[in-house]
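Each structure below appears as structure tokens.
Two complexes come next, and they have one chain in common, chain A, joined by chain B in the first and chain C in the second.
The block that comes next holds the complex of A and B.
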């Protein structure tokens, strides 16, 4: 009975702050989709099928390329001199949000962008070339941004997995065995390591897949326009003045989700059908092929160069008030955009307050759950968390908008906070769960033996030992909250403006310096959080 | 002459409406409104795509705070449709205290809000500064896209479709749709327009409709689904001739006018379009475009209209919102708005109605980039054409 009460107490705050807004959103979106006219309108939309193909195509292509590149880099660098620095570097890359990256990369590759100016200055072009780069009809620039952003995420996850002592030990053993059987490094990765690591990554890979297929802000900044990806079609429907069009957007969000579900089923079917031949391929061998150290190093260097270039472009762009084609460098440098940004600090303050409070709330909820609820229930919460992250944010945010409407929460800070908490808590819980549950219970016995009570043990000993994990979870939470565009735009209803909202508005064509300032601020805050977290993580107890 | 006739009809209609809003006793009532407004916060939902506009609203906010004790908060939105949706949802949810107090609006959005009774008022003609409005010379201050305003929105500024580009690169600007086709043919890939339903893109298509439709008499009437395709056939012939020569062969289109402007500034395009005839001059003044930039309108006229401010029915600061609306109509605010150095949005006032002192707020300098040969402002087609045009455009060119 006490156990049950404990579990219930652990469930209560989470149920109110996290689970019910999530559930209410899903119920509301299903209810909102009970509209036959909306479905008829959706299927009559001339851009539905090409838009769907674009969404599915860009999402799937970016997933496949990202996974290939991530494993290529990891396989080549794991255990080498560059490896220890790689993971930290990837954490840093991660903190640059997709949107900020898309804005910077856009100015690099657009026909009047830096790349064209460099070539044009050599080739003496009078006018910008008619390249089809940004907003190309097949979404290749969108895929490029997604790949450049997801590869660091995947490497970071893989390195976190490989850093666990038991995993490292096991891989070492397997490596020696495989080597004795005549396998080269590449062969060991392909036939032994990847088949072990891949299943561990299935949820992050699913999140990356669905994210790529349903992203709105990046697609608005750099994606194709006629037709746009389905997510963008849904987005403009949801923001339309006509309620019938809004309902079509709701139906569209559900349709996109269902289509993604079908895609996963198709994938599982294909996997099952081809498993014997895959298995034969993996067990064939051995091959003496060595790990691709040079190409992996070159790829890593390429990533560093692109990120450095994007960051440098954003910095120069933010102070280059006059930078016409074909100038390689702005003819006038002023800090007026920064001054303007600081003069109206509302987006910054709103973003900061939402990020800090939602992260603290998520940490408190996660710790409370982990302390009061038995471990066997973690799986249930984990499933909800993965659902909150994998389901398109369009779907959840539209549902929450419809649900919050009845509660009068739209346009309020509290409403936006709850909408942010949905993904923030999910990430924080996933990051925190492993280290927290792995805490050795014998420490508690020692502390109690030393006459410390439960609370003193928890506040003095356990929290201190958990500090690196808590700091890492907090950094992730802040990064996630800062980057939220879709839920903020819908739930804030124009009442609250945040960094990504301003950045998207400016990215559709506004002042370039100001757009660069917002993109940089989007990157600086999470980067700052990651730096603090890694400092805290390194400090000896 | 056909447009003059319609304007006359509208002017007469508008004049007939005026007596509906008695103006007696305004002074006393207005003092009460001002007293009630003091201390109120007005959430002004206004499109925020331009720094000049944001800075102007900031300026207005400072004065309103100092003189009237009204706090004006600029809620920056990308599209007024968001506000229509929000107010409708709030009203449907029974929320008496809405999130918007004043909204920058016209056309379709006004028609929707008026039809669904989402607007407070009538209030516009009771505003003290409404007496300066040029209702005779600018009939669109009373009739918004063929929809009578009925005092539910207060005019704020004027707009007319205008094209601009670098005079150093364009010797003879195309001054009709047919000339534009020839111009695009001569400069492949260097001309385009934003994809509808972007407001500027839709306006471009409407301009093309006006220039191509055979029976001009159909335009002020509600469009019928069946007749539409026949009436619009010459329009799609025209676009079919134009598109192969556009940027990216007319397969992709920019998303917004702001993007078009940026592409012009970068030299990717030879010309861009705007709904504010003074914007090119403004951009030159801001250093965003070279001072060789020229602006022009189509010889036979381009679409023009008025933009307004309206008060949602569930506003919780209607007095404050009215004080703001009246201030925005003052010669001081209108003069500053028309000034090319600040925003350059043409005034809705009749300069002849102003005293010499008041008229001083309006400068009269000729600067580079202004439209040198102004063309007549053509009336918008009836609002019901818009959804049909947008749908047909999407079906033909959106996939």
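The block that comes next holds the complex of A and C.
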């Protein structure tokens, strides 16, 4: 009974602040979809099927290319001189939000962008080229942004897995034994390593897949427009003033989620069907093909160059108040956009307060859960967390909007905070869970033996030892909160503005320097959090 | 087939672990190398196999069947290895583990080789078993046959019996030695247990100064 009470106590704050908003959102969206007219309107929408094809296509293509590139880079670099630095580098790239990246890359590749100007100055072009890059009808630029952003995420995850001592030791043994059986490095990766690593990446890959197929802010900045991806169609419905159109959006969000479910079923069917040939490939016999060290190094260099370029472009763009085509450099440099940004600091302050408070709340909830609830229940919470991250944020945010409508929470800071907490807590818990549960309980016995009481042990010993993990989780939480566009826009209902909201508005045709300032701020805050976290992680208390 | 080691030296930093070791291991001969952990005996095997990693460095010639192995990548040396752990691939079945090293060719022929191997390992019909369900003695036999089926021209045994319990150890040891002798494979065994050395075989011990002393 005492155990049960303890568990219940651990569950209570989480239930109020995280689980019930999530559940209420899901219930509300299902309830809101009980509207026949909305479904009829949805299926009568002329852009439904092309939009769906675009969403599924860009999401799936970006997942496949990202996974291939990530494994290509890891296979070539693992165990080499560049490998130890790669993981930290990827963590840094990771902190740049998708939207900021899309804005920077957009200016690199648009017809009047920097790339065209450089080629034009060499080839003496008179006018901007006729190429269609950003907002191309097939969504290739959208896929490009997604790939460039997801590859560092996947490499970071793979490197975290490979860094575990027991994994590293086993794979090292497998590598040696495979070599002695005649397999070259590439063959070992394809036949031994990837089949063992891939199952561990199942959920992150699903999250990446669904994210790519339902992303709104990046698609608004760089995705196709005629027709747009389904997520954008739903998004404009949800933001319409007409409740009937809103209802069509709700039905659309459910439809998109169901379509993603079907896509997963299709994948599982394909996997089943191709399993025998995959297995034949595993056991076809030794191949001497070696790992692609040079191309992997070149790819890594390419990623570094793109990220550096995007960052540099955003910096120059933010002060380049006069930068006509075909100039390679602005003809006038002024800090007027920065001044304008600082004159109306509401978006920055709102973003910061939401990020800091939701991260602190998420940390407190996670620690409270981990301290009071037995480990065997972690799996349940983890499943909820994965659902909160994998389900399209359109769906959850729309549901929360509908639920918060009855509670009067829309348009309030508290409502937006709860909406942010949904993904922030999920990430914080996933990051914190492993290190926290791995804490050796003997330290407690030692501390109590040294006349420390429970509280003193917890505050002086345990939290201090958990500091690197807490700092990493906090950095992730801040990054996740800062990047939230969909839930913020819906729940804030125009009464609260944040960095991504301003950035998206400016990206659809506003002052270019100001847009760059917002994109930079979106990038700088998570990067700052990440740097502080890695500093804290290194230094003992 | 003869495995010839000539003037092999191993260093870590400025420390010389093995000094100018020369030996010829004849077909079917099993030579034992003894010494405490950290003396460089496993690194010597890694040097022969071709995967010695920094900060350890080696030099000297390794000749197998008249071919100098030193400039060949590990996967082209045809040197089989058994380790402390059986290192069966957990994502493959027993049969697939055995197929892994069998040179390419028609699947039915290769599968026939696998069932033959399983029969001589007294593991008939184990093709589709998950290696995780096998006993440690069975796993040791599968690991041996996986190595043998890649048709190695020499074998390196890196304390492969040390994790088996005393009873099993004796039988697995004799079993492995018998198969290696039958196939006339020159073998170098590394161990810190005198018991592991085959009766009548040559036994070397690495001294503190890196000399190989015939025990």
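Here is the rule we go by: the second predicted complex is superposed on the first by the 539 of 541 C-alpha atoms of A that agree within 3 Å, B and C clash if a C-alpha of one lies under 4 Å from a C-alpha of the other, contacts with A are read in each partner's own complex, and residues count from 1 in each chain.
By definition in this document, contacts are C-beta pairs under 8 Å (C-beta built on N, C-alpha and C of every residue); 3 or more make two chains touch, one makes a residue touch a chain.
What you see is a predicted model, and the numbers here were worked out from it, not measured in a lab.
In this superposed model built on chain A, chain B and chain C occupy separate space and fit side by side. In the superposed model, A:240 lies in contact with chain B only, and not with chain C.
When chain A is checked against chain B and against chain C, the one touching more of its residues turns out to be B. Touch criterion met: A:411 reaches chain B, while chain C stays clear of it.
With both structures placed on the common chain, the touch criterion links A:277 to neither chain B nor chain C. An angle of 160 degrees, to the nearest 10, separates chain B from chain C at the C-alpha centre of chain A in the overlay. Of the two partner chains placed by superposition, A:451 touches none, neither chain B nor chain C.
Of the two partner chains, chain B is the only one that A:224 touches; chain C does not reach it.
Our summary of the superposed model lists a minimum C-alpha distance of 46 Å between chain B and chain C.
Shared contact residues on chain A (touching chain B in one structure, chain C in the other): none found.
Within the complex, the chain A residues that touch chain C are 170, 173-185, 187, 191-192, 195-196, 279-280, 282-286, 288, 290. Residue ranges on chain C touching chain A, taken from their complex, read 49-51, 73-76, 78-81, 83, 85, 87, 89-92, 96, 99-105, 107, 110, 146-147, 150, 152, 156.
Touching chain A in their complex are the following residues of chain B: 43, 45, 48-51, 75-86, 88-90, 92-93, 95, 99-100, 108-109, 112, 189-190, 195, 197, 247-248, 251-263, 265-268, 287, 394-395, 397-399. Interface residues of chain A, counted against chain B in their complex, comprise 46-47, 50, 111-112, 127-128, 130, 132, 135-137, 220, 224-227, 236, 239-243, 246, 321-322, 324-326, 340, 405-406, 408, 410-411, 493-495, 497, 502, 505, 508-512, 514.
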